[in-house]
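Chain naming follows the written order as A, B, C and D, and within any one chain the residues start at number 1.
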């Protein structure tokens, strides 16, 4: 039986209490995107500044539970300074981290495909979120920030 | 546990096999009414000739199970020659015969009121249908003819 | 026979029931089937160990309930070979499934003069929702007639389908037993530009079905006829259709957001599951399809073919002159529902007398009054089989019918 | 307390469940209640001894099923003091009950510009069906606002009701716990020419209700919140209304006759019960209301008043500075649902941490997003009580909250 310490690692609580990159950025040049979890009301606001193929600045806002807020904070720290390609790779890797457990449960995959996504990607602090997969209801909390990032990246890639 | 012989008394099967008063009558002078049980498709057709306050002729038609057909046949024999008031008294008495059991089941009445309806009314052959109350699903079969009679009497009383 | 019926009977506690001191011979599964212990236990287990409302709670038992509920959806999807679990919408019964389509897809896409093609062997569940639309907005119903051997008469199918918007048809008749070959019909309907709704209420319990092979757009099934509990059924529809359809019932769970001035809907299938669903019932439904899968649907079918052949032959031998059977004689194209008239004895009386021997059969119009009018009969008696029936049950039927004949003989 | 809770707990098998090796402290009954053995046994007994489809069979077990199903209807009618058993329509849940009214009475009687009055404390089930009608045909919604102490602000009720066709209102809020005094409101609505729909989803489990005293026209209840199974609920409506309403779902059972060119409907309530109903569930519902009647609804209520007072006081004493409660403090006008914010800890995290101690509470918007916006909070934590809860459960809640505070303390 997984315990609370699997979910609420110290580093997660740290990001929750002291979120990195919190704030707003003028749009433009920043691009603003918003994510919303209708079940619990969690919100993520994300400002991205992309120059060339690089994410040069990131700010975050919104509100929600410790997992969604910590995940948002960690995400902001992880993508800042990355290329667009690296950022997208991070998204895939993070989602793989979150869904290995899910897909095994449903017997749809042995997780090998997902493991491949993870290979060679340095997740760093983000690994601390792996404990979330033992609490399936909370996976959506952890992925909200990443879905919002994906949406943001998609929007900046299609110049409007 | 009630047995088949409670339901299918010899006299009932006799009326079923050799229904009394089967046929049609010209309308007018006869009045025609039809009853229908949507659950099983049983049908009763009833021709009444009323002169003054008397039911001077009756014919029946239709099709259905032995209980509905026997009840129709018995009803036709019972009301022929009766006054309208007597016919209506028979309807009440017959319905009382059918519903004593029902109302006891639902605990709404101790049957005393219903017993009062029965007192002083000679049901004759019709008493044979009392076994039907032990088979609640079949009560509707037995009462179809009587509901049709009631409808017919109501219609002839309101000259159209 | 390919099923070990003696063993199967032990899984159905009600079969230990005595009626009039006789063992229960349950031959009304086309109306509703009995339930194996596995199904009852699945529901009981939920209520005794994990019951909580689904989709909302963070705590352990709420998570367990939710996972079991969603796992049941996956089982039902697999059973009918849906491509995606999210294509299964839980409803109360097949009737609600068809009404859901009529209210959402129908009221969006069907307008005055639009044609819906039905067959003459439909159950009221697949007639009345369309009659309501005919009354409400003047859609037109066309009816595929029957052949002399109680099958679909496809002579004029081209004309019937011409310009139609929907073909709504049963995969197996609950009165005649007739199995309709859905695949070719669906392809003809699609070629004519119509969508295809299949009423699989009778087919799903008895045949291995594949919604892809059928090339269907909507399929309705109902758990209580396939060993599952009352109160649950499913609508399968292609995902694109579900996504395009407006919602049906409004309330919790089906929404993404609600404001005082409007709302947005949830993803499919939850968009169609307003309010607290039939949680234990869905889980029981999942257990029922697992039980059927363990038996093997091919064996379920061949058992039924053999038992139906045996019974038709026995009825012929013993009572052939007295009995008129309404349904195909070729067991390859029919299921195990056997409807008949008994000369001189009304269906109601037959059923009553059979009950003395604890033989349970249905008497009436079987919710198919237009078919009854086509057949020219007011009511029939129907015996129907399922996995827990065997030749002894068929023999009991024939014996009891012979007794009824004697009882009513003049 | 007036209930013997120690004894009652023994009737609920799930309370023997351990979560993380701790005894289950179930405080989410406002979402869905647990079930006593009496309810589980009633359903199991049906399936093991008498299960058959209702209303159609002549044989013994079909008759037993039908009588048990209809007896359940009579029990539910008695429980809410309906004048006639036929005024009870079985539905899946309260959500379907309200949608049934919106689809049938609503679509017959509400037209563009017609006014429906709601309150700001409604559950989505009593909002979305009316929003759908607003979208579909331009009806207008008016909202009764709240006072500072979380009750209905009736200052402008006269204006709100002026010209309205319907007042649709909850008898008890699932978030605030607030009990609304329906009688006077209904009389005001009637005086203004409006009908009255009462969402009694939360009231029926906890209060002795009387649809006559309320002077209501429609009342929705849902079994799973009142010790009954999932998959069943009831709509009560005055008989004349039911008779005047067009049918909702079309199919078997709800018809009197079906021809190829039309149909006629059955008597009420069957006119609204298309298809095979939730048979076992209705019977379980009947057993649930009998169980509640045996406890006595007055005692159920006074137990809840005492337990709520005890818990509100304990929360104040131990965590008063950390906790903001959304709901009246006067236990005379509220039920046992206690919603709160915990300073610095999100509701989701509270619920997660409480689960470690097997304390089950809900976190979220409780299907009342418009209310959440009025309160200005994104989500709350809600603990709610029922007959099987006692002071030890309240103590467990307070202890677990104190632990959560420590856990998340910086």
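One rule holds for everything that comes next: contacts are C-beta pairs under 8 Å (C-beta built on N, C-alpha and C of every residue); 3 or more make two chains touch, one makes a residue touch a chain.
Since the model is a prediction, treat every value here as computed from it, not as a measurement.
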{"item": "Furthest chain, CA centroid comparison against chain D", "value": "B"}
{"item": "Separation of chain C from chain D, taking each centre as the mean of its C-alpha atoms, in whole Å", "value": "31"}
{"item": "Between chain B and chain D, centroid-to-centroid distance (C-alpha), Å", "value": "46"}
{"item": "Distance from the mean Cα position of chain B to that of chain A, given in whole angstrom", "value": "78"}
{"item": "Chain B, residues touching no fewer than two other chains", "value": "39, 135, 138"}
{"item": "Junction residues of chain D - those touching two or more other chains", "value": "20, 56-58, 62, 255, 257, 348, 352, 363-364"}
{"item": "Which chain pairs touch, all of them", "value": "A-C, A-D, B-C, B-D, C-D"}
{"item": "In the complex, chain B residues that touch chain D", "value": "36, 38-39, 106, 135-138"}
{"item": "Partner chain B, residues of chain D touching it in the complex", "value": "55-58, 62-63, 66-67, 74, 255-257, 266"}
{"item": "Contacting residues of chain C [partner chain D, same complex]", "value": "13-14, 17, 19-20, 24, 26, 28, 31-32, 34-35, 40, 43-44, 47-53, 56-62, 92-96, 98-99, 102-103, 123-125, 127-129, 131-132, 134-135, 141, 143, 222, 224, 229-232, 247, 249-255, 257-263, 274-281, 348, 351-352, 354-355, 358-364, 367, 369-370, 373"}
{"item": "Interface residues, chain C side, partner chain B - complex", "value": "20, 345-349, 352-353, 356, 363-365, 372, 378-379, 407-408, 410"}
{"item": "Sites on chain A touched by chain D in the complex", "value": "1, 3-4, 7-8, 13, 17, 39-43, 63-67, 69, 135, 138, 141"}
